[in-house]
Each structure stands twice: as C-alpha cells, then as structure tokens.
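Both complexes shown next keep chain A, but they swap its partner, so chain B is in the first and chain C is in the second.
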Partner chain A sequence: MKDKFKITIDGVELTANQGETILKVASDNGIYIPVLCAYEGLKPQASCRVCSVKVNGRTMTACTTTASPGMKIENDTPEINELRKIIVETMFVAGNHFCPTCEKSGDCELQALAYRLKMDVPRFPYSFSNKEIDASNPKLMIDHNRCIKCKRCARGIKTEDGKDLFAFKNRGDRILISIDKELAKNISDKKAQEAMDICPVGAILRKERGFINPIGTRKYDNNPIGNNIEKLKEI
Partner chain B sequence: MGKEVNNIITQYDSDKKRLMDMLLDIQEEFNYIPNDAIDSLSEKLNLSKVHILETISFYHFLTLKNTGKYTIYLNDSVSAYMSGREEVEKAFEKETGIKFNTVSEDGLIGLFNTSCIGMSDQEPAALINNKVFTNLTTEKVKEIVQNIKDGKDTDDLMKAELGEGKNSDKLIKSMTKNNININKAILSDDYIPSSALMKIIKQERDEVINEIENAELRGRGGAGFPTDLKWKFTANTPEGKRYIFCNADEGEPGTFKDRVILTEKPELVFEGMAVCGYAINSDQGILYLRYEYKYLKKYLENVINKMKKRNLLGKTILGKEGFNFDIRIQLGGGAYVCGEETALLESAEGNRGEPRYKPPFPAIKGYLERPTVINNVETLSSVVKILNKGNYWFKKLGTEESRGTKLLSISGDCEKPGIYEIEWGITINKMLEMVGAKDVQAVQVGGPSGNCISPNQFDKQIRYSELGTGGSIVVIGKNRDLLKDVVMNYTNFFIEESCGSCVPCRNLTVIYRNTLQKIIDGKGVQTDLDNMLEWENVMKMNRCGLGQTAFNPIVTTLRNFPNLYESKLVEDSDIKQTFDISKAIQEYCNTTGRKPIIEE
Partner chain C sequence: MSKPIVATTSLAGCFGCHMSFLDIDERIIDLFDLVDFNKSPIDDIKTFTKKCDIGIIEGGVANSENYHILKEFRKNCKILISLGECAIMGGLPAMRNNKDSIESCLKEAYIDSPATVNEDKIIPNDEELPMLLDKVYPCHEIVKIDYFLPGCAPRADLIWDALVALLNGKEIDPKYKTYKFD
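Let's look at the complex of A and B:
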C-alpha cells in the first residue's frame, strides 16, 4: 500500500499509484481530461496543451505530470475549459476544417472536443490558408488542411524495422506533417489503417475506402467524447 | 559527391546523434544538402529520409537548395532597421539584380534575411559565407557586390579595418568590434588562466559548489536559476557519465555580450566549464555555439588545444588524479529556440530543436539521457571570478537578490552602443545617461521576450525581480513608430522562430500579429485590445520560455503605452464593439414584462 496515495481533482478524492500521470489517474477514476496529442501507448508529447490542468495553482499538462501525494488539481472549471476552448478554436482557424465534407466527421476528436467545449463558431477570423492535399502515395492521402500537428502518426507509426514513416517539416506556423514517400510505398493495408486510426482528425485517410462507416454510426455520433471515461464513474 | 559525404559521416563515427554536425559539414561543402547526401545519411545511419528532412528543415542555415557561391544573410532585427537596413536592403537588390530569398541564375549570389546575428551595436550587418560584415552602407554594398562579381575571396570583399582586441587574431580576422565601454569583473584584465583550477584542485567537490552557493550566483541567460542548485541536482545523481553544456546560443535580438566574452576571454569560459566538471564529476563539456558565431569556431578550438597543452584541460588536469575534462564545440544551425536549454540538447542530439517537457529536468535526464548541467557563457565566467576573488567580493557587487555584475548589450538610439558591464541595481535613467541616449520613447529590456517600458518607469532598477534581463537592451527614440518598427518586427520574429510544437505558440501568435496589423491599419476596436490581454493566459500554457513570452512585445507595450493603441482604434464606427443582449432587449422586456433566460 506504500505506493498508493491520495490526490484530489476538482475536490474529489482519488487514489493514485506511484509513477502514474495525472491523466492516467483521472481516466482510471472516471474523470475526463480532454486530450488531443496524447494517445494510449505513446510517449506523451504535451504539445496540444488541452490537457492542461491546475496543480496547486500552477498550470501543468496532465499527460506528462506525474501525480504526487496531496496534489490538488483543478480540471473541469469554467476558467480552464475556456482556455481549452480558445486553443481548440485556434486550431479551427489555422487549418481548414469543413466538417460536413470530411470523411472523419463523427470520428474526429477535434470536432467532438469542440462540441464538448460548446464551441459555436471560432472567435478568431479564419485564416483560409492555402494548404495542399498529398495524394501521391498509393495507400494514403495526406490532407494538410486538417492536420493539427499532434504528431501522433510520427510517434506511433513506424516501419517494421523501427524507422519513422512520418515526421515534421519546417517550423513555426509553416510546420507540416510529411510522409516518407519511399518507405510508405510498401506499407501494408493494416499499417495504412493504423495510420488513419491514429490521426485524431481527417488528415490521414486511406484511399479507395471512403465512408465505410455511414454517418450516424460513428464513434461520437451518439456518444460525446469523454463519455466512455465518465461512464466508469457510474459503475 | 558520395566520397565527401561518406568521409563526413565516417568522421563522426556514423553516429546518428551527430547528425547536426554531419549536416552542417555537408552544407558547408556544397552550399546545400543534396538529395544524394540525404540518401547516404539515411543508409549509413539507418534513419528514414523523412527524419533527416525534419532536422534539415528546422534550421535556418541548412538548406535543400543551393544558396549561391556567395550566400548573403542580411540581419533583419529592430536594431538593424534603426541603423538603416532598409537602404542597405535596397542596395543589395539593386546591385545584385535579384530579390531577397532568391539566388541569381548563375548561382553566384544568394540573398536572404536572417534573425539577429549578434551585431546590434554595429548594424546593418550581414553574414557572407559565414563571415561578418558590419556597419554596411549603400556604398559598401556596391563594393561588396562588385568584388563578388570579380570573383574575389570572401576575405577581400570589403575594405575594413579589423576589430580591436582578439578580433584581429589570425584565426578570426573579423571587422567585428567589441565596443566594450565598461568592464568591471568578467571582462577585467586581471584574469590569469588556471588560477581558479589551481585553487579548486586542493578542495573537495562540495567545497567548490558551496563557494558558488555562498556567492548566490544566478544564471545569466535570463531565467536566473541559482547556479549551485543546477550543479547540486546533477552531482547528486547516481554515478555515471555526466555532461556540461555551455549555452553560447545567444539569439535574443539585441544581445551580443557572449560574443564579446568568447572573443576576448574564452579561457575564462572554458575554465568555468572545467571547474563545473570538477564540481559535479563530469569529464565532458560541450560548447553549443550559435551558427552565427561560426567565424569564432577555429579560434575557440585553438584556445581549447592550447589549454590542453598547458594541462588545463585534458587528462589529469594540473596533476590532479582523476580530474579529466575535455571540451568540444557543437555548432547550432540557426534557431533562436535552441537557446532554451532542452531544445539545445535536442539539437545537439541531431534533432529538430523542440523544447522538451519538464520534468524530467536536464540535471536528471539531459544530453543522451544523462545528467547534464547547462550554463550560460557569462554564468561560467562568473564562476571563475568568484573562485578567484571569493564570494564576499562577488556579494559586495549588485543588490541583495541580484549579486554581482551583468553584461548589458546596448543598442538602438544612443550615442555609445556596445557592452556595459554594470552592477545589478542600476536604474534605467542612469543607464540611459551612461550610453548617451536622449529623447527616449521606450526601452526594450531583455529583448523581445522581455519588457518594453515607458519613461515613467525609467526609475526602475535592472535586477532579477524588477527588470530582469539576459543582457539585451534596445533604446527606442521618440522618432520611431513603436508599433510598426518595433512591436511588429518582434512579433514576426517569434512567429519565425517558434518551433511550432505547442498549439498556442504556433497559432495564437499569428492571430496576435494579425490583430496588431488590424490596429496599425486603423481598423481595430476596443475588443481587440481586451482580447489581446485575455489571450495572455493561453500563451502562458505553452511549454517553453519562447512560447510563454511570444506575446510580450504586444502585451507589454499595450500595458505601458495604451495611448499608442487606443489612438488608432476606429471611432464613431458602425461596428458593434461588443453586443450586450440584455441591453438590446431591455425596452422589449420593460414593455412586455417578460424576463429573458440568458445563459451565462
């Protein structure tokens, strides 16, 4: 029992295990902390910043901060949710996210999170930036309009011998996700599907398999994001 | 081509962690990184090409296209514009017949912009094939371009006297000036190399750290973290390889003091690293030198070699058994964010310079996942001085919470720009008097990431808790358009230099810039100003110091010069600045007696 201790999230006392992140403790206890760049099984990256919480008054990312005894964490507060909403809104205006025509609509974590945070329309002017669609790969299509640069593909999808299939190009607001053209030529259908699935938005799509799941049956169509975690609490 | 590339790869033992060095050498060899070279690297290092391209595309001075036989990088910082960069820029385009960001058809000349190159006191300045050209004028540009066309050597492009001091050393031969106006402790001439090492080898490791602790030395790079704590945290890790980095990536626009220390007192810096090596039991030091200071590399390597010959570095230093310490130089590739210590480590490991999240701190898990101390050039120099003269001497200088001296790099609208080593606690008024500045509108303290202050704050002191600074001070005269000439330039700088990882830094800084443009264009409304203050809390959610301060040029001027903004807002406009629904339907409610249900 030595490695177990108590923390509180929004005043609720929880038991945490030594070495676990705040995100893990919260999820295991039926508390939803929104994430975009964090993905189960991947080393956290802490770049989207939407999992930010206040730990003893200081803003920290839940995906990287290890829980320690007595931590007082604020998560689902109007203040923090407003900050998260602003971050999500900046993503909507930096890219070109036309949900109705996007194959991932209903399966998209960005869209689902925007609903959850009650975004009506972004408060910022749209950038309407000119972005490319790279359809040169036989199996995958990369739509830069929708990429939110979470790097989940770069971190999670590797070749059989461990090489990177995806990586960033450039820096700052010119950053792009790019695919290794030669290596990606020979990927299996399974790998291509994994790449599409790991993408939280509709930036990586499999070719020749559009709209396999009809709208209405998709992940978040009837089940808002975070519900699966919060259901744990009810059990 | 294959042979040269293979030689370069072999020179670094095909170690993928040395990718930066390989890429920089390839760039040097070909003026770009050819596709074939990427193929070779990919094969020999067992890395995918997309990974190598990720590193290349991050750094300003690594390119995929030939940058020309003569590659000209003209600095575009605020200080450069204040000194007449616009004319020089036009002259370059006129004389070469090409536009910026292009290369001439015959491949002879490439013209590019670059962020501050650390010459703010002698602007306009440019790097041509890594050589520094300062105090440029339209006439000098004419001369340079003519000489390029005549095929002259880079050394002979412009007639200019060599700078004072070591700038004329045969391994530097630069027209760069030191402009040291005041030297107090760090730059004083009473330093004898080896003096600190002689002292510490008779002491225990703890004693050395204690002396630094007693001196209350804080980091000189800007953040001001206690130096002894960094050392202690690292020294307390389990036995094994530890590293010491000297952070010589001073990229904050307006700062150039580390350049002067490295030019005039490199032994001081290297001795400081060796002292740290002794204190924390490490045998490897790495000087991370910003690419812009590449012209100092050979000279610095020679200093290291000389110190090795004198047994001040190397094995069994000064006969002390078990005291081994070597230093190598790691060159950067042109990225401001690499001054952030964990981005610096990523860069040194051959990756894009993206700051890591903390914890773990470098003291526990740093370079190659080993415990690492990262100290600024000036901090390490101070260490040697403290050991030589004692912590009491050091503590007598400065103020209670900011001990010792600080090197200020002062530029902009003043008579005597240059280096001023002051005691912490000096007021801005005093400083302005010192540099001969009149009709001052504002002072940018601590560079763009710092604070832009107005005359009614000039009685404030330069010290950590009042006006902290890594050393950059830019004086802005009354004749300048603060928003256009300064704030916009700095904001663009942050957009250009962001690593792009954290969402608020990548996206919101651009929105800040657009909003500022809207205000400059006379189309702004009060809500824009309110918003910009409110978004501050989102920017503070960024991971690193760059992201957390990228809004400072706008927000500090908005706070300190509200009139500048407010006077540009739209007046008597039809645009509804805010829409208050309660107010809008009040008459209706009064008439009908109904009450609205309005969600908060």
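Let's look at the complex of A and C:
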C-alpha cells in the first residue's frame, strides 16, 4: 500500500498518511472534529463517542478509526452534529452539571462543546445524581457527580516516580474514579494542576484555587472550543 | 395595531435574571416603545388582566405557588421563555434534589446548621406558606416551554437580542459571547 492516499471529509479531498486516524488527518488539515475522551499524547479509547463521524455511511469514532484510501467521511453535517449534541446532553443529565456553581465553568470542555453545538436545554430528564464528593485530599477535590467517565485522569496522570495516581473501580454506569490517597498527599502543586487540567469537566479540582480567573478571561469565554483547529463561522 | 404584551415572573429564582433584564440600560425606553407589560414585577401588576404574547419565566418550580403561577403563565401567554439556569435546570435550589428528603433539608436549614439559632426547634409550617414540592423541577418538565435563554444571570444582550428577534418574527440566533451557562 502507498504511504500517502486521499480521503474526503465533507466533500473536501485531503491527503492522509498510512496509519493515521481520521481525527489526526482532520486536525492536521484544519478540520475540527469534537472530542472529549481523546487527549493529546494518550492512546484513544473511543468511550465518549463525541467524535462520531460517518465513514462511507456508517457511524464510526474518528479517534480510533484508521484512515484508509477512498474513505468518504461526513463530519460537519446536521445529522452528525445532532448526534453529538444528544451525546453531550446525556452527559449533562447523567451528572450534576450546575455550571454556575462549578469552579471549572468557562474552562470546561463539556460546557464548551455544548456552546459550540448550541445546546440550550437537554431533551432528557435530569438525574440529580447523589454521589460522593471527596475533599479529603490536601490538594485535590473530587466530585463524582461531575465525572463523565472519560478516564483521561487514569490514563494520563502519573506521579514523578511513575506511579498511577488515579484508577477506576466498578464498571458501566457505576464506574468511579478513585485516587491513591497516600500518593495524593505528597503531590506537587504542578502535578495537582496537571490533574485538574486533564479533567475535561469539574470532577477533579485543585483546592483553594476556585474561580481564580474572572469571567471574561477564562479559556472558552471568547474562544469556542476547537477554534485553534477550525474557526467557528459565526460567533 | 396594539403593541405585543409581555409578562414576567420569578419563581424559585433570586431575581438576578430580572436584574440582568434591567441591565439592557437605556434600551428599556426603546422596549417600552415596542411592548406593553402586564403581570410583572417591572410594573407591579400582580394578576393577569389580559392575554399576553410573551411570558418570561425566571426560576424553577420548587413549591405549590410556583407551580400554579407557571400553569397560569402557560394559559395566558402565547410564547413562554425559560430565562436563566434555574428555570432551565432547577439551578441552585435544585441542589436539594439529590438529598434524601425535604425533611432532612428543612432540618439542616432550621435546626442542625451550626449557624442557626432556633431554640424552639420550629420548622416553618404556617398554612399561608406554599407547600414545598418533592424536588425542584425545571419549568419545561411542568409545562411546554418555547425558548430557553441560559445564563446565571443571562447576559442583558442575550435577552435584548432574543426579544427583538421574537418581536420581529425572526429566529433567536444567540451570539457566542452572550450565550453562557454561568
């Protein structure tokens, strides 16, 4: 097989390299495909399904599907965007995403996606989940009601000596992040910030740093998510 | 042709959305050229005296009074707008929704809280007080809501743009900078 070949995304012909995922080809060519559980430098796991695209008519996840010659991909279409919006809405109702009370508001990727996809209200009933809020660690607070189970923390955060700080227990909708309490006692501020930043929502928060950036200066206040790849047409 | 009529109310809200409404500043003079107000804290009309075109609801539904007012708004308004996070998702009052029972919430508020001084240990129960509902409901779970304007409080420009669009028979097309959930 040749090293380079052509695929099309929404009718635009692009050159892909052998072995690259659809997500990589798209972002290299200035096309934004929304993601939540995918994170730069981590092995994709396709659990959030937000990056769903249609490949030759079938719905696939762009973060794990390898591009192959002649693929016809639909990305920014009303049907796909509606599907993504539904997924984001289910995440909003599954946990307690009270944006006004959340320290991550304005820097939250879930919220930013809802803005970009123009979600006004979820079509599903709110669950008002009642999970534990763990503030027992000196530097980090964990609100399980906000976790969207992307596992980015468990996949991406290791202590300075290479140990896992986060893990997951249970399966399916009962999945819970858990933090190694002994290791968490001695983490640096930098590591705590890393843990907070890798969380797309407000489930992992650094203590005593809440609302540190005023409204108007936060990450997504004026810049829609994905604008670094593809600018939103009208803002 | 007579002017469109607007009604507004605050259910389980903090009046922040109404304050944000007033934040349209001098445009409120233009607004009075465009619309008449009926039942609303803005003109202090307490009950509906005629059918309205637009009803703006702030706050979720936390008690029996909220429920009846919301029903009345649906009956008397052609278009209903949920204004702000509390109307859309229950907001701050809905933080009681995942607690065990109303009883435990009332106990926490009136008896157990360290900041409470209540020697007789009385939980307010006067019959004049509206009954609390089992949980705080978003407005669209009680009646049909036509439009949603998020924000805590919704930006004044969002409210203004939405009203102007509706009054001109256009679709509401919110701008990114005014469309926020907090």
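Operating definition for what follows: the second predicted complex is superposed on the first by the 227 of 235 C-alpha atoms of A that agree within 3 Å, B and C clash if a C-alpha of one lies under 4 Å from a C-alpha of the other, contacts with A are read in each partner's own complex, and residues count from 1 in each chain.
Assume contacts are C-beta pairs under 8 Å (C-beta built on N, C-alpha and C of every residue); 3 or more make two chains touch, one makes a residue touch a chain.
Remember, it's a predicted structure, so these values are computed and weren't measured experimentally.
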Which superposed partner A:13 touches (first chain B, second chain C, both, neither): neither
Touched partner set for A:126, first chain B, second chain C, both or neither: second
First (chain B), second (chain C), both or neither touched by A:83: first
First, second, both or neither for A:100, with chain B first and chain C second: second
Touched partner set for A:208, first chain B, second chain C, both or neither: neither
Partner, of chain C and chain B, that touches more residues belonging to chain A: B
Contacts of A:40 with chain B and chain C, given as first, second, both or neither: neither
Partner chain in contact with A:64 - chain B first, chain C second, else both or neither: first
Residues on chain A lying within both footprints (that of chain B and that of chain C): 125
Touch list for chain C against partner chain A, complex: 82, 85, 88-92, 94-95, 97-99, 135, 138, 140-141, 145, 147-150, 152, 174-177, 179-182
Contacting residues of chain A [partner chain C, same complex]: 96, 98-102, 105-106, 111, 114-115, 118, 120-122, 125-126, 128-130, 145, 215, 221-222, 224, 232, 234-235
Touching residues (chain side chain A, partner chain B) in the complex: 44-50, 52, 59, 61, 64, 66, 83, 86-87, 90-91, 93-94, 123-125, 127, 148-149, 159, 161, 163-175, 178-180, 182-183
Sites on chain B touched by chain A in the complex: 46-51, 53-54, 57-58, 335, 352, 357, 359, 495-504, 506-511, 514, 531, 535, 537-538, 540-543
